[in-house]
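So that you can tell them apart, the chains are marked A, B and C in the order they are listed, and the count of residues begins at 1 in each.
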Amino acid sequence: MTKSDLLPGPLPNSLQLTKDGKLKHLLSIEGIPPLLLEEILDRAEQFVSLPDKAQNKAPLLRGKTVVNLFFENSTRTRTTFELAAKRLSADLINLDIRTSATTKGESLLDTIRNLEAMNVNMFVVRHQHSGTAHFIARYCAPHISVLNAGDGHHAHPTQALLDMLTIRQHKHAFPPLKVAIVGDILHSRVARSQIHALTTLCTGEVRVIAPRTLMPVGIEKMGVNVFHDLNEGLDDVDVVIMLRLQHERMQNALLPSAHEFYKRYGLTEESLRSAKPDAIVMHPGPANRGVEIDTKVADGPQSVILQQVTNGIAVRMAVMSMVMGAQSGYSQ
Amino acid sequence: MTKSDLLPGPLPNSLQLTKDGKLKHLLSIEGIPPLLLEEILDRAEQFVSLPDKAQNKAPLLRGKTVVNLFFENSTRTRTTFELAAKRLSADLINLDIRTSATTKGESLLDTIRNLEAMNVNMFVVRHQHSGTAHFIARYCAPHISVLNAGDGHHAHPTQALLDMLTIRQHKHAFPPLKVAIVGDILHSRVARSQIHALTTLCTGEVRVIAPRTLMPVGIEKMGVNVFHDLNEGLDDVDVVIMLRLQHERMQNALLPSAHEFYKRYGLTEESLRSAKPDAIVMHPGPANRGVEIDTKVADGPQSVILQQVTNGIAVRMAVMSMVMGAQSGYSQ
Amino acid sequence: MTKSDLLPGPLPNSLQLTKDGKLKHLLSIEGIPPLLLEEILDRAEQFVSLPDKAQNKAPLLRGKTVVNLFFENSTRTRTTFELAAKRLSADLINLDIRTSATTKGESLLDTIRNLEAMNVNMFVVRHQHSGTAHFIARYCAPHISVLNAGDGHHAHPTQALLDMLTIRQHKHAFPPLKVAIVGDILHSRVARSQIHALTTLCTGEVRVIAPRTLMPVGIEKMGVNVFHDLNEGLDDVDVVIMLRLQHERMQNALLPSAHEFYKRYGLTEESLRSAKPDAIVMHPGPANRGVEIDTKVADGPQSVILQQVTNGIAVRMAVMSMVMGAQSGYSQ
């Protein structure tokens, strides 16, 4: 893991904006101007505040075709995009790429060209390799928008956006806040996107807390303070963001054991006392209860985990409707 | 198999009604008052009698999200609920739970909480364990309705409803009728739900016909007469309901062989002569031709098997539209 | 491979027309009168020329249910039919038959009967055996239309139609044209359907080019000229249609090697020079680049491969809307 993993050089983030500064693709939080980021959150807030019925069926994407291009399995994330698209009245096609064209040896670019020719309007891309969504955005037809639904260790921008919306709903302004992100920072695309979003929104202090084996070298350059002790890192924070610990990390010797991790970095009622009394607790889900978070905290009064899920649909509806309003004129 | 398998104690059936007696969930036929059961059949009858085009697209569930939560594979049943939801203009999400969240160790309750937070309106639940739909109904958010699409050996209420609709279309009133259910009563959730429905509707006589190894002990307490001889049991009945024989029963020594079963309990043109000349023949499908039913009978003039399929869509549309009209105020 | 493989005797093509000559099913190009074939192309052309938004959402099939009955996996073809159906506002059910009813031993006819009873309106059928779509069309209920999406080595009529539309867009009239089809003619349902379409439209000359091991005996009777040398066959043609080479052909000794095939029959910039300078190059996709076609030709100025994909959606929308307008009165 080097600096180039944190800031992939060959991916021009300007790619995601039109010439007049509107959202064309959502590839990473990096490169989204603060005002545009706030605009996305405002739009999402509108969807959340609509009465249920209006919230669940808007005609904004009627006549548009959205393709879920999932090269990596994630029923949970795929479902949130599927719901968002359907509630905007789009036609939605799920392509499980692992079992389809690639088995006939078709290349990624051939697949994209074919779907373009079918007059689709949006690709939602999830891939195990960093940069895939950028690659598709760079080479796809001008009328298409690309949303990154997670690429390798690189970015997961809609997750970061829903997190920002949740924080804003509880804490209103970002500059006075101290926010701690806890867990496997090294492998987390979620953490990268959260850090970019928090710094873009001028958060007072962003902390990352992890054992040395799960902390990327040079992460300070992203504008965060590094902690290896949980209680120290949580001291006086307003927001605690827990990350999901991937089981495979424990198998390849980066961690001694789940039990050991929980003892040192698991968020319990006791360790949470280091934070401000009104601190909120977040997790991208699904949580490993008893590994990175105690079930009492996950379901406790400070947890806003389920509100994150609700916001996830609203943020995806906001982004989808915004990129489809930005069809003409894009910068490259 | 004990009495508690027939009447699961800890599942309060009042759960499925609102305080003012409307349908909130459909978990089992047990506990549905006769008038409400008739109301469901009346509503379904309306859908059947609509002209095709109106039948296939009604706006009643527009803006609602229905989730097919199938923990047990059943393309056939899943498709009927999918069709019913789409024809009511709902958004429909298919979640194949075996390959999704559970592989990440998420608990059933976590899955439910997450889907609730996505603002879904209805769960259609199929599970290999009895009581799962009740469990979800008891713990889910108040705005959600749960439909049981089959749970273990316990219940399959929409199947029983479509059977009642079919019987009513041919025989009009239930009190004068003799109805025989034939086959693997022991393992059949369909049989349990049919018996509850038939007794609720005051059917003159309900008979169950099976070999001793496939007949639950104490079944008489459900208000049925027990027969071990097919011709005796079919004597003078108005309705013959055949059950599907699961192949695995023949492998674990409950049955000598499919051939032997067919000889003693298979419905042939000859054995059907014991029933009334205008008796109708029903089967929940898919039929094992030559195992529990002769192909001449399955396709014969007395068979109403395909009408059952048609009614299955109508009954599901009726139940879905009724529970969605009963959003406010529910009893627990 | 005998003549009966080319012209399956027991499949009455009149089946696909109503008594007054309208399209009821689309099973094969054989038996479609020239005027009707032109009418399909005209209708498809209308869809292509609509502005994007209108093209992507027409209400023509609102209230209709289309079932994708795919016994053979083909994500690509399935997706095109799914898109076409959804853009016509139909409800679309995908049935992956390999994992569903057949695992419970249900016969094809039982599956059809059940779906009919669910009041569906159209089957899109793909099957590894020739004649399956004809079989279903012959035995299904009168209100249902069947579209053949590929059956064995027999036919793939929508592919041929989109090819004809593409040729017509570039070359306008068929009688003056020389068209060459190159590759594995023996196993190609696409080639069969193309030959029928080209001869129906009175194409000046239709040539087939293949090694002897991949050329069906007696193919001349279909009205084509046979070539075994690529350059000779391509001499002065207006249209070059490449076929996809199935990898399994190379494993069972019909071909020495992919490399050898490419050397003799692969379409390169050099071999393409034998054709007219303004000849167009077509391929049903996905192309094996470097096996049957050079990547420079596939992506070159004469290639219309992606236009074929666009036309594929339009042709399927045209056929779907036409068969649904032809509900009453059919010949058998």
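Keep this in mind: a contact is a pair of C-beta atoms (placed from the backbone, for glycine too) under 8 Å apart; a residue touches a chain by one contact, two chains touch by 3 or more.
Here the structure is a predicted model, which is why all the values come from computation and not from measurement.
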Shared interface numbering between subunit C and subunit A [over half = same, under half = different]: different
Relative orientation of copies subunit B and subunit C, as a Cα rotation angle in degrees, nearest 5: 120
For subunit B paired with subunit C, centre-to-centre distance based on mean C-alpha positions, whole Å: 42
Chain centre separation in whole Å, for subunit C relative to subunit A (CA means): 42
Junction residues of subunit A - those touching two or more other chains: none
List of subunit C residues in touch with subunit A within their complex: 52-57, 73, 75-76, 79-80, 82-83, 86-87, 285-288, 306-307, 309-310, 312-313
Subunit B - residues contacting subunit A, complex: 62-65, 91, 93, 95-96, 99-101, 104-106, 110, 113-114, 116-121, 143
